[in-house]
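Heads up, there are several structures right after this.
After this come two complexes, each holding chain A, first together with chain B and then together with chain C.
And then the complex of A and B:
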């Protein structure tokens, strides 16, 4: 029996309504109510087996469902067209998802650890700052260059990473993350602790930092343009990661993660695939960093600490290691919730940390654990 | 360079090394018994220092002026409390996740660290500001040429070394140490020989966290200042030291601690660039060392397998 499309569509609509409500909610009780409702909905869906039906129907109609999801994000951005802060949050969530996709390839697919996510994000951001200020490179290329720089600088770590594994490999990236942040702080040419200004994104003569004037009275937030940019990057990155995962490359990544010796015995070039996963991942993280820097107009070392790297890692694990889709709820929890809980502002990191502990104890596989590979063509048994 | 100045830098480096080694031994003990990294360790160091500060404030408020008495009280209370905290963290967060991927343990202890850090920041009076730590040790100095040795530093150094030796003797000579080593080598066989697994694990976490408390107090007395976020860097350094030395090996952790301090001192003193780059240099050296010796300097015989 072919699964119908309705469960997936219903799930999408409910989630979109929830996200929109969360972005617009101004009263604390409303935020808390939405969070509790989402938690209850998740538990109920799991209990009744709806999550399985939603996953099957989504898998059977992947193209349509993705299109609807894209349209829903556009619609959300459009509804928020006059809310600067809500749009900024939306863009931040989208770009965080891009960085999370990078870590998903590294951690989730190929099993290459990276505890320096914020450092590679920072490399992209600083590359964008320098290139957009000092050169006349078109801005889309500046953002691409941010990703390339992150991948290139990351290749310095390739040799030590290939020789070590487990906690030893983790240490190498941790050391690199701390080294990078300290270097930025003491280095004068890159602005030291004060950081650098970054010019806003411009495409075909349109400066994204100008508000969008519709007529004499209505003006749309300039973040709407950035939301478009972030969505394009996020959608492209998502498609890339999903295609890679389904392809023979993703199969090679999985083999490397699950058993290096067995993979090598079957002729999989372990070192090459680890390098590929690490570089593609860093490219995506750097891309997100460059776009984020051009959106916020400012980069400083304090945004790229070890703590920020850990936040990125917690997004990937919370969502369900290796599942690209899980990044969406995880990024919403990690990015949006602390910002929305301003009234209990002082306690928000405390509550956030407690929430993650509870989720890890109750759902060790993350919010949406990665499903098994499914080779049945369309038909679900 | 002037020999007196050289000796000065060498002693400062050794002092740092003692603090790092105290933290690193904890990491290596935890890894030994459970093969996990407990990332809240740095924040336990910080909590130990703040507990000691609270004890000293309380006693001074109650009119106890004798410095040795205050010092003794804060050491005893901070060490006992942190031992309990360490065992609780192990019981509530680490042991329930035994079957889960190592990365989950790392994340959950990290979040526990955040809870501790934020808890101190929010609930300790003016916890978000750096706090002056009382100078409870005699303040005189011994001068040999241009080498100045502060009495308090010398005492701290002796305390730190004594603690490390104490832990070593506990591991090598006592029944508890034998149990810990047995569990580290093979938990199933150890359990089959009648060694209570949970109790041994909890004792190990208590010992490691007690060392962390001592490291926090020594750190506070040495710098005369503590802040709620000192655990993050100290934890990362302690972890680096334990890994560079070879996880699971107590000698390795001690060696790693002193090595990291030496790297920082060399980076600050002997290299041509500004001393602000000392951490950049030390962590870069760690990366290079790991590339050369992937399982640490003194690798555990059955190093982490594939």
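And then the complex of A and C:
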């Protein structure tokens, strides 16, 4: 029996309405009400088994549902066309998802820990700053180069990472993240502690930092253009990660994560697959960093701390380790809530830590646990 | 004279001060099923681990079909055509039965980045083809298994997990199959059933060479053409089951009689 499309569509519409409400809400009580409503909706859906129906319906109509999801993001951005701050938030969420996708391949699929996510985000950002200032490279290539730089510099860590496991590998990445930040602070060519200015993104002569003038009275926020850019990057990264997951490459990643001995016994080159996952992941994180830097126009070492790396890891765990879709609610919570609820801004690290602990205790698979790869349901796309 | 497929000469493996394999000589002919028996700690599993590259060989050499495999990495040995099972199952329990079998096919699958992301039609066709191969193989072991191809391996009973693990080792048609105590954790009836399946596979693939570690003497008697007894990392005796079982040295060391 094939599932109908309606459960997935309904879930998408309700979620989109909630996100739009959250982005537009200004009163604290409204924000709190939306958060509570979302939590209750999630609990009720799980209790009644709707989550399973939604997943099956989404899986059976993957193409249509993805198209609708994309259209809903575009619609959300359009509704927010005159709200600078809300659009900036939307872009930040989208680019955070891209970085989370990188971490998902590394940590969630191949089991390679990376507690230096913010450093690789920073490498992308600084690469974009330098390349856009010093070279005439077209800006889409600058963003790609940000990803490539992150992947290349990440390969410095490959040898120590392959020789260690578990806690020790985690420590190596932590050390790298801290070294990276210190390096930026003392490096005068890269602006030292003050950081660097980053030129805005430009495509075919259109500068994304210019407001979009519709007529004499109406002007749309320039963040609308960045929302489009972020959405293109996020959609491409999402499709890439989902397709890799559902391919023989994804199976090799899983085998390396779940049992290195069994994998090696059947010919899997464990080291090579770890390197592949680490590099693809860092590429995506660097990509997100480059786009984020061009959008905000400024990079500085203080944006790439160990705390920021931990936030990235907590997004991946919160959403459901290995499940790309889970990054969406997780990034929304982690990026939007502190901005929207001033009361918790000071305590955000504490609250995220608590949230991750609670999730690990009551729902160890995360908000949206990763489903088993199942080729019997639906088409393979 | 039949050619020997596996030829191990003077294999030595040491763990710190303990000598787990002490100059073991063992050769196995193509198509033969050799039963490997011996008390706990006599070096049976270490022999498998040495052959498949999971422990370092300190002395001696191993050849597969005339080519040296001593000291190669596990993945390279797998590529030469040795497949194995593990005493404590090493299925990927969170993945489907299909994915577990596909791990056995790893060396034949297309892992190109470009084709994985963009040639989805080709991938879908590969999945359909492999699912057919997997169903046929599983059906030879148990008629109920093919229908469970897309269930998590965790949902299977012990005997079905054993079957899937053996299928995973068989799917790429290895030259040499190493079975490490397939009866562990199963009832005698289940073991007998599994051995019937194994003999059926052997009947269809006469060139398949098997070395089987087993504590259950009834299994050894039933499936093996030849029996090798290990004790303290050395070969204690060798011959048909009847010969070995009658050997007074073996009875003393292994069956605890004096």
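Structural remarks
To be clear about the criterion, the second predicted complex is superposed on the first by the 362 of 381 C-alpha atoms of A that agree within 3 Å, B and C clash if a C-alpha of one lies under 4 Å from a C-alpha of the other, contacts with A are read in each partner's own complex, and residues count from 1 in each chain.
Just so it is clear, contacts are C-beta pairs under 8 Å (C-beta built on N, C-alpha and C of every residue); 3 or more make two chains touch, one makes a residue touch a chain.
No experiment lies behind these values; they were computed from the predicted model shown.
By the touch criterion defined above, A:44 lies against neither chain B nor chain C after alignment on the C-alpha atoms of chain A. Legend: residue contacts after superposition of the two complexes on their common chain; A:259 is shown touching both chain B and chain C. Contacts of A:62 after superposition: neither chain B nor chain C is touched.
Legend: residue contacts after superposition of the two complexes on their common chain; A:357 is shown touching chain B, with no touch to chain C.
Applying the stated contact rule after C-alpha superposition, one finds that A:157 touches chain B and leaves chain C untouched. Using the contact criterion defined above for the overlaid structures, shared-chain residue A:17 touches neither chain B nor chain C, since it reaches no partner.
When the two complexes are overlaid on their common chain A, residue A:349 makes contact with chain B while staying clear of chain C. Of the two partner chains placed by the overlay, neither chain B nor chain C lies in contact with A:36.
When the two complexes are superposed, the chain touching more residues of chain A, out of chain B and chain C, is B. Under the contact criterion defined above, the residues of chain A that touch both chain B in one complex and chain C in the other are 259, 261. Here chain C touches chain A in the complex through residues 52-54, 73-75, 78-79, 83-84, 86, 90-92, 94-96, 98-99, 102-104, 106-107, 109-111, 113, 116-117, 120, 123-124, 126-127, 131, 149-150, 152, 168, going by the rule given at the top. The part of chain A that touches chain C in the complex is made up of residues 240, 243-244, 247-249, 251-252, 254-255, 258-259, 261-270, 372-377, 379-381.
By the touch criterion stated above, chain A contacts chain B in their complex at residues 107, 113, 157, 159-160, 163-168, 170-172, 174-176, 178-179, 182-183, 185-186, 259-261, 306-307, 310, 313-314, 317, 321, 346-347, 349-350, 352-354, 356-357, 360-361, 364.
The touching residues of chain B, when paired with chain A in their complex, are 31, 37, 93, 96-97, 100-104, 106-108, 110-112, 114-115, 118-119, 122, 232-233, 236, 239-240, 243-244, 247, 274, 276-277, 279-280, 283-284, 286-288, 290-291, 294-296, 304, 306.
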